[in-house]
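Read through the structures below before going on.
Each of the next two complexes has chain A plus one more chain, namely chain B in the first and chain C in the second.
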Partner chain A sequence: MLAYVIRRVLIMIPMAVAISFLVYVGLDATPGDAVSFMLSPEQMSGANPERLEELREALGLNQPLFVRYFIWLGGLLQGNFGYTLTGGVPISDLLARRLPATLELAAVALVLSTVFGSILGIISALRRGTATDNTLTVVGMVGVSIPEFFFGLVAITVFALNLGWLPVGGRSMPQYVTFWDRLPHLVMPALVLSIMMTAGVMRYARAAMLDALNKDFIKTARSKGLPEWRVNLLHGFRVALTPVVVLIGFRLPALIGGSVIVEQVFQWPGVGSLFVLSVRNQDYPVVMAIALISVVTVLVVSVVIDVLTAIIDPRVRLGN
Partner chain B sequence: MALADIPRRRTRFDRRFDRIRALEEAGRLKHPTGSRLVRKFMSNRLAVIGLVVFSIILLAAIFAPLLTPWDPTKINLRAMLQPPSWEHWFGTDKTGRDVFARVLYGGRISILVGLGSAVVSAIIGVIIGCYAGYVGGWFDAVCMRISEIIMAFPELILVLMLVSILGQSLSNIMIIFILGGWCGIYRLARASMLSLREEEYVQALRSFGLSVPLICFKHILPNALGPIMVNITLSTAAFILAEAGLSFLGLGVPMNIATWGNILNVAQDLGVLQNNWWIWLPVGTTISLFVLSVNFIGDGLRDATDPTQQG
Partner chain C sequence: MRRKAGAVGVHERSWITIRELNREPIHMKKLLALGMALLMSTSAIGTAAAQATNNNPLSDVRVRQALAYAIDMQTIIDTIFDGNAIKAVGMLPNGPFKNPDLNPYDYDPDKARELLKEAGWDSNRTLEMVYYYDDQITANLMQALQAYFADVGVNMNARLLTGDVAKTLGAIPPNPTDKSLVSWDLGYGARAAIVMQEYYNDYATGKASSDQFPGTPEMDAAIAATNASTDPQKQKEAFFAIEKLMNDNVYTIPLYYQKLYTVESDRLNRNGAPYGNEQFNYNWDIQNWTVEADASGKHVFYTNGAPVDYFEHPWANLGLWVGNRFVFDRLLFANPTMTGVAGGDLAETYTISDDGKTVTLTLRDNIKWHDGEPITVDDVTWSFEAALFVPNLHGVVGKTLNSLEGAADYVAKKAEHISGISTEGNTITLKFATLDPNVLISLSQFAPLPKKYFEGTDPTVLQQNAFWQKPVGSGPFKVDTVAFGDYASLLPFDDYFLGKPKIDQVVAFASADGDVNMVKNAAANRIDFAITKVTSDVKALEEMPHMKLTPMDIPYTRMMWINTYDK
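Up next, the complex of A and B:
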């Protein structure tokens, strides 16, 4: 088991290094001086050309690309992402302020889509071939076909502007302290973000459940005379659940991409809207930092998921 | 001595077989309604509905000048924000441009971006995938690493990052989509190459001395075409959604070109959202319908081309 974990991690590290190198090359190729984002505004202000040259030398920015890359990587590992081009704020502070909002939104959407998706998928599988199943399949297809932002716009128009039940967007007022105060703001973005994923989970859960129901032990359970709900839920569902939970890892890229758009629609002050803002302002250091963080998150989660699968299913680790 | 040459009594099976052979030679055994694939696809109601909706929207976009007298870019300050009427079917936007004309002409660009990027990335992916999968070696290893790196990025993050580096233009958007899109089909083509290249008929072809490209593209590729076609339809849907999302953020195709996403961009304004529903609701519905129809077609193709589901 340990050998398997080590092997998976060792495969991941060169990938992460290669990606961070590419991101750095991109950053290096973009217009703008590399000094400006490595230095804080205090260091920048009042610096004459000679002083800047000294700083370049001191930071190693006159070195070849490879050396500069490692200097940058060393900074990253210590949590130093440099400073934004617009405003000179430390990028790590900016991220630390924005990240909780994104995590809150993503976590709620992940839970909602997992719960709804597996329930609907299992209903669909148990009623295979009936009108319910066909309707759910079509509804799922509609769910993945409507752009998330269009869903968001319709939701804002109906529930915020016309009915006035929920706030239009934003995250919190100064007087809001607890999660419950923020809840009305969270409802729409979280639901909209989870719709597309719910459809995906539903499809997957349906297939997994059908697969599980075809296994021999289900026939055994049924022939023992167990009631149908016990066969379905305690025997079938438990087996079907594993691939559904593992699917969380595959949903992560969609979740990150979706949250960029949903945060923008609902003015949710998270990393996604920061990303859009930075792309608009051509604030390359921030763009690259966020891109790198999201890729590394995806890589790490995929390793964790692989390891979890190996723990659950011994065939995976012994097969290698 | 071949089996047929052994003298034996003719049975009723021989007679039946002769009848079948006669029918086949007369060309009457073919199904009257065409190939199995077409028949299976046509018996799938949703796929047919998808094909009809797809064709209607596509034709409406292609023949836009016949359907509307308005110019999608012509600003008319006397006709700002008019609600739908006989003159302007979908009303007019903030600068008096006819929304119906913008939806039709915008469809041209959006469909071009979606379908064009999907087809080009499929061609690139298939060529690299077939060759790399059949030959293997260092070329395959390099392509595999590159595709792994590209696929590690969440799609939207990669696209936005490249937009920020390359800048916004119609061709840049398509290049970026293709750059991110060839990997999926590459892997698909490569996987079917790997499984098919050990088949006996391929070994036979190899022993005849056929060249590698001929074996790859003429004899193996047709057998792997089903999943590839499905993938092209699904990535068309994904690219149209991505273009709409990007343009909605104002980071896609430049604003002076009408696309479905660009029309929706104004809906970020709450006033427009509440008071001028005709600007954003019809175009949003059109995008959704189009993507839905493409998804239905893809699903129908998947069922029709899946050899494990004969029928």
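Up next, the complex of A and C:
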């Protein structure tokens, strides 16, 4: 297994470089550059073109594409993400203050959706064809189908504006010190983000559980006189867990990249809203840094999933 | 987020029809408009060369006038804008410089058709309209304009600009008679002005700007006249003349004047402070504002405009953002309507010579930066010189600084300093090579920065300095803590020369210009003060009993640029 992991890690490096280059080229192909986005059309007429060219030169935007890419890559290899073009903020600082917000939201949403999705999926499978199963199936379909912004706006209207139980948005306030101070801000975005994920996990868990319950080893377990709960949870659920783990694992990179919509609706200062802003401003060092983090996360998670799958299901042999 | 780029096809059915837009009986409007048009038509056509001046049919004044007559702007305002705008007659806002003798181009489709026929308009031609506002109201406006133009036989496609918008709008050929560098025919945009000259300076021959007007000797002379004097009477005459010239020739179609709304909660008391043009800086006396105490007895004032990732320097968007408004003070105080100067701010006194070419500023003795260091003439002179290299320096301030004696040599790096700036004690003397009629207004919007934080910084990348993570200012509030993208907390500056503010803390939520979360925050009692120009925001805020809206007529004209370059 160790050789497999090392091989996968080594393959990750050229893959990450190749993907980062594709992102870079794609971003470069869009019209304009960071300087043209620093000025509104209304400001542009009053601006001095020479000053704008000087700024482009100072920011290195006049360099050819390949030169700019390798300067960026060279900086990265030295552990330097560079600076934002628009505000000159060190990108490592920017990520250091944005990533925790996203991770916090993602972690809570992931835990909630995994726990509730798995439990509801198992219940649905064990109660197959009953009113409970049908109800959960409908709820799951609704959860998957309705966009996050709708749930977000409904939640804000009910819990923040009408009932006044929770803050309308943001992550914090000046007087807050601890996580528990900030917790009320986290509740709504985390719950809304987890709704769609819970529905997805539930559907997966139900299907996987039904599949597992039809296997011969379940019949064998039952014929041996094992209690039903033991058959379902220790034998059935363990096998059903494999596709669920894969699903959850591949959700993680998307969450690291930030849930753009939820962050926008709840004014959550995470990586998702930063990514949107940076793409819009053509602030390519920021876009590249976030894209690279997402890419690396995907690659790492895929290795971790392989390993976890092998642990969960001994029939899986890595590297063969 | 910007809407996806897309065209409003002429063959698609517009869901806003002209009939739906007209709430009043159309025959009355027609009669009134026709009468007005007949009265105005002789002078309008007579003063312009009634033929195309190049291969572009839009260079024919009759076509441009026809487009102006084809639009029922008042109905658009009543329907699409819910009445929250004023029909524009002329580029300049209503006020002392408004020429009363202008053709209002009231809706008259028959007149439009007649003019198009005279001009030999090819009804198979399709005009391309571009716009850069990505809101639904603008999309509705585009559909309305498309319907109005179609009604008089002019096909139009509308396209939302994305990417390098400024370049797409403003690129011009090296020679005014050369072919146009842009593909579009009509452009929808705006001018938010501090001074009236801003409306017309871009129309000068050879000036790259969105108006896509190649220039004429008459316009150049008229523009020069508006910049030639500080005498209000002479300025008035010059603006009357240039407005008439524009009105007759319709180089651009002014559509409407936008209203600005000040949004305030019932917790806030301005204690008699005046209302003004909140997009710019004036003496709004905020140190005397009060807000009701919260449950803990603290007087916390909630607003928006906090930075997303860095504080923007105060020389671009002069009065926007919480940093510009609260953290920095200027050299002079403008009056609320930006029509003149109300007195000294950081400069206690000022003088201006009879010819307007020499200005002196004497700084107050007791003024300090938020770090406790005194504000000196060195800081001010360094700020003037640095600003000249800042790429997005506001145009009005830029014009003032570039008019200084020796500014050209300094910018060309032939001189170490601007020769037109000298200091003696606390007094700074500014000598101008050419008259800038708006020098005092410029100084009322110019916030000096503390020089010591920018030692070794190339002013071209001034915005990229770490200073903008927590700027040290000169205004009534100092930066306390900032959670970028979330909020900024400001505290009263004890040594503020006008007295320590009565508000205990300013909490500003992060937002861009046009805060999409403002209504939501206002509903949740998280806004005590904000400004908006967004019609849908106004409508929602009007339904909140705890919020008060105060409309202001500001110099902000939305217009339709017409590309008259050769094609």
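Keep in mind that, in the parts below, the second predicted complex is superposed on the first by the 252 of 320 C-alpha atoms of A that agree within 3 Å, B and C clash if a C-alpha of one lies under 4 Å from a C-alpha of the other, contacts with A are read in each partner's own complex, and residues count from 1 in each chain.
Keep in mind that, in the parts below, a contact is a pair of C-beta atoms (placed from the backbone, for glycine too) under 8 Å apart; a residue touches a chain by one contact, two chains touch by 3 or more.
Remember, it's a predicted structure, so these values are computed and weren't measured experimentally.
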item: First, second, both or neither for A:V187, with chain B first and chain C second; value: neither
item: Contacts of A:V298 with chain B and chain C, given as first, second, both or neither; value: first
item: First (chain B), second (chain C), both or neither touched by A:I290; value: first
item: Which of chain B and chain C A:M141 touches, first, second, both or neither; value: first
item: Contacts of A:L274 with chain B and chain C, given as first, second, both or neither; value: second
item: Touched partner set for A:V89, first chain B, second chain C, both or neither; value: second
item: Touching partner for A:E54 - first (chain B), second (chain C), both, neither; value: second
item: Partner chain in contact with A:R97 - chain B first, chain C second, else both or neither; value: second
item: Partner chain in contact with A:I156 - chain B first, chain C second, else both or neither; value: both
item: Footprint overlap on chain A, comparing chain B with chain C; value: 30, 156, 161, 168, 264, 276, 280
item: Interfacial residue positions of chain A with respect to chain C in the complex; value: 30-33, 35-36, 38-49, 51-52, 54-55, 58-59, 83-84, 86-89, 94, 97-98, 156, 160-161, 167-174, 264, 267, 269, 273-274, 276-277, 280
item: Residue ranges of chain B touching chain A (in the complex, touch as defined); value: 46, 145, 148-149, 152-158, 160-161, 163-165, 237, 241, 244-245, 248-251, 264, 267-268, 270, 273-274, 277, 280-281, 284, 287-288, 291-292, 295-296, 299
item: For the chain C and chain A complex, residues of the former touching the latter; value: 1-2, 132, 162-170, 189-192, 198, 202, 207-210, 308-310, 316-317, 389-396, 398-399, 458, 460-461, 463-466, 468-469, 480-481, 483-487, 489, 505, 507, 509-510, 517, 520-521, 523-524, 526
item: Of chain A, residues touching chain B in the complex; value: 15, 18-19, 22, 26, 29-30, 138, 141-142, 144-150, 153-154, 156-157, 161-162, 168, 252-254, 256-258, 260-261, 264-265, 275-276, 278-280, 282, 284, 287-288, 290-291, 294-295, 298-299
